[in-house]
Amino acid sequence: MELVFEKHSAASGAANVPDPGPEAEALVPPELRRAAPPALPELSELDVVRHYLALSRRQVGVDSVFYPLGSCTMKYNPKLCEEAARLPGFARLHPHAPDELCQGMLALLWNLEQRLCEICGMDAFTLAPMAGAQGEWTGLLLVRAYHRARNDARTEVLVPDSAHGTNPASAAMAGFEVRAVASNDDGEVDLAALRNAVGPKTAALMLTNPNTLGLFETRIKEIAAVLHQAGALLYYDGATLNAICGVARPGDMGFDIVHVNVHKTFATPHGGGGPGAGPVGVKARIAPFLPAPRIVREGERFARAEASPQSIGRVGAFGGNAGILIRAYAYLAMLGREGVTRVAQHAVLAARYLAARLAPDFPSAYDRPCMHEFVATPSAAILGKGVKTLDIAKRLIDCGFHPPTVYFPMIVHEALMVEPTETETKERLDAFVAAMHVIAAEALATPEKLKAAPENAPVGRVDEVKAARELVLTYDMAR
Amino acid sequence: MSTIPEELRYTREHEWVRVDGDVATVGITDFAQSQLGEIIYVELPPVGRAVAARAVIAVVESVKAASDVYAPVGGEVIESNAKLIEEPGGLNRSPYGDGWLVKLRVANPAEAEALLAPDAYAAIAKE
Amino acid sequence: MPFVSLTDADVEAMLGELGLGSLDALFAHVPEDLRRHAFALPPGRTQLEVERELEALATRNDRAAGAVCFLGGGAYDHHVPAALREILRRGELYTAYTPYQPEIAQGMLQALFEYQTMLARLAGLDVANASLYDGATACLEALGLAVRHTNRTRVVVDANLNPRWRDVIKTGAAGMGLTVVEVPGGGLAQGRDPAAPAAAVDTSTAALLVPNPDFFGRYADLKALAQAAHAHGALLIGAAAPISMAIFEPPGAMGCDVACGEGQELGLGLSFGGPYLGFLAARKELVRRMPGRLVGMTVDSRGQRAFTLTLQTREQHIRREKATSNICSNQSLCAFAAGLYLAIMGREGLRRCAAACLAGVAALRAKLAAIPGVTLFPGTHWREFVFRTPLRAEHVCELLAAKGILAGVPLAARFGAGIWEAGDVLVAVTEKRTAEEIDAYAAALREAVTAAR
């Protein structure tokens, strides 16, 4: 389809903006004046709307199809939450407005912090981080500040080899050296390897639980003890919180710092890649290091306070992605106590059911009960035909499904990581199983059909090699 | 099956080295390039850089992976294969020929003797 | 039960298939003592009840959200076109995740490619990434880019950058091994002096970061700075305001290697500080050191034009601790909205918007200059400026708030000590402010200052 730069109409959106006249621009001194105007589109408003509507038809989201993207928790995004964030009292609220005039907003954020504390078993939360990875970075700066305050300059962060790439990347950005810890044959952290790796230089271990294989770390309390005995902290990557929220709490497992991805567990939309929010919770002894602003309650009044002198500082210009946090608050308010637990139960049930139904063609990588997601691989017979996980993913597109996460975690060969979430019906789960079964049969009979997939998408298989070799990152680079 | 020329020496990290006098030519093996898939970018060291054995001398990237290349032997970089910058696919086509990465002037040519022989490397590259 | 889609019968059937007796049995391998907590959360409520609660909470902000807004300091009350709000409600777009499967994500990918193109053109540079979190983190990431490019760790920052952004740079500096040298580029009475920070650049400096406009709304010519930075092998980074680039010389044309900043003004609304949009544009030689996602143009198996994420080997999911940044979830929908905003406004619309800010500032300054006791400061101001009265700034703001006007940011009360004084107010005038509102502002301020004399 055409790019917006390839369309033109004499009428343009400028018609809606009053012209302040030439005398305004004359206020710009000649040496500061832009020589030629930027080449922005010139289209009527209707043509712009048509262009973007056409784009939206070339895109799928959770609202379009089943989207079992492992490690991303692609659950339904309730529409009331969208409405709530758009209420003028929130949407038109300037972040520098005086606290006295935004008590509703501050009350909401304060209450959200309290609820996250309760769900995670933590003593204090900050809502400032703007995504999961920023939460990790914030958390690791907290780790650094905590040890420094004790005159204990620890330099290493341990990360399991199955971890999300953000874990080592965040640790590096926070100034730590990263050491990988191997997983054992059960897919859990290898305790012997962990004991060997932990020492006086260890600042923290970053862990998801359930881990990225969808397996619960059953020896989590032993893991916590190993870290704590060595004077190190235990960091919880909340990417998989949907499996346990309302059932078990990271704080009770021995985690000292957590981040939660509200765009995963708390149903805020993923936005085509963002924005999300990554609130960070801590145990009391780490609370003095939290970033500004802190939301405080004084009787019935709420206020934004500067952080303590020990704080790591600020992690963003304002107090976080408030527009996203409003959605999370509304979602939690609807779920309530029983609803939160039910979410985890149904998410795990759906995954366990899918894992069992898919096993004949796509056996799980680990023969253990999964939590809210699982990692499978194509059967030996399928791989024997030269069919790759990527081919299966592309064929699923033809069947009307968004593919699962592929090739992650890296420790599983040809991985397919499936996370159905609690918001899909049994009929939909069964339809997915049926489609995967058909694809498995095709893989054996007509593997070339999978190699040629997708057939029914807006475009055929996209040449990513050409994209990287012949970089075209703007329309001007194409010409 | 990937090819493993008899006249070269190898590392566990899938580099190969050919020593002519005090010049060592370094590349990645056929097995390594087939595992990576189509190469899209190669990062090479500047001429004159001194590298220790087992230090990173280059990075080879495909769409979905980036792989560090380690110096099998220590030395000074005397040439980098500039043709690969223009056309990284050359590494896929000819990993032992036009797809070489770096030439090093080696201090101790005997270092290469300690590396893996073809049959020993074949056992590693089998999986 | 809200937002679970399995019926009781489904649950029973599925548990039966798994040979389990209850939902609790799903968690049998989670140590029992970890499952004992009684969650102290309020009971669930209906959509109607929650809707009413949220409306009540929102209403409690109405005195601020409904006021005439002259607040700036990093977020601005620009008009958000209705067409933009409408398109953003398309579920295909906002309920998608990162376009890892390009064949069914061409909509978001093409829109982000168009955004990258528009941002690069605005900034006068070659490439732009597909978003960072906000203006503050964009500055930090831009410094990281310079450090990787130059293999140096000292950075010089014009201290007239937004103080919140400077805070974020300080937060990140230690972990990234940065030495940050802050030099103010001119006092309020003195006017802009970007040569002052430039003089601190030496051959160990990775980058010089200069805002344009600065925190006090003042524009400067950076061309001489580019020469100073480049002579020492350092990069020049311009922290800039996108709308202003419609009429002011953009960073690229002034010799900046990198432009970064806050894209909130491009149709994102205020939303109490986020989600906003960090933008980052650069010369193409720097692209492999850039943080964040990039969309590239390519072809599909049938030879048709198609888009995909590219150069992913820079990113955390592949390069892990060696990645150019840890960013994963970014602000894609905000970048999408910014591109849409620029398409709706078009070349002429954006020019008018930028010029209207300039005219509004000039009009308000002219009115305030006539009030005895009010001090203005010199400079080329685009959308923001500082004025001083003998009163405490927060008191002035309170008096005007009582009349339904959010007068500005009281600098000392909000940001502590700085080059400002207790009576200094930072005021922003966008294209939304009418002549009547500007008159009302001046009248209210005159009354406040006169009453105190």
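For clarity, chains are labelled A, B and C in written order, and residue numbers in each chain start from 1.
Note that in this section a residue touches a chain if its C-beta (ideal position, glycine included) is under 8 Å from a C-beta of that chain, and two chains touch if they have at least 3 such contacts.
Predicted model, so just to flag it, every value in this text is computed and none were measured.
With A-C and A-B as the two chain pairs, more C-beta contacts join A-C.
Taking the mean Cα position of each chain as its centre, C sits at the greatest distance from chain B. Taking the mean of all protein Cα atoms as the centre, the chain whose own Cα mean lies nearest is A. Chain B and chain C have Cα centroids separated by 45 Å. Chain A and chain C have Cα centroids separated by 20 Å. Chain geometry summary: the mean Cα position of chain A and that of chain B are 37 Å apart. For chain B, the set of residues that touch two or more other chains comprises 41, 61, 63-64. Looking at chain C, one finds that residues 318-319, 322 touch two or more other chains.
Shared interface positions of chain A, defined as residues touching 2 or more other chains, are 464, 468. The part of chain A that touches chain B in the complex is made up of residues 407, 464-465, 468-469.
Residues of chain B that touch chain C in their complex: 41, 61-66.
Contacts from chain B toward chain A in the complex involve residues 38, 40-41, 61, 63-64, 88-89.
Residues of chain C touching chain B in their complex: 288, 312-313, 318-319, 322.
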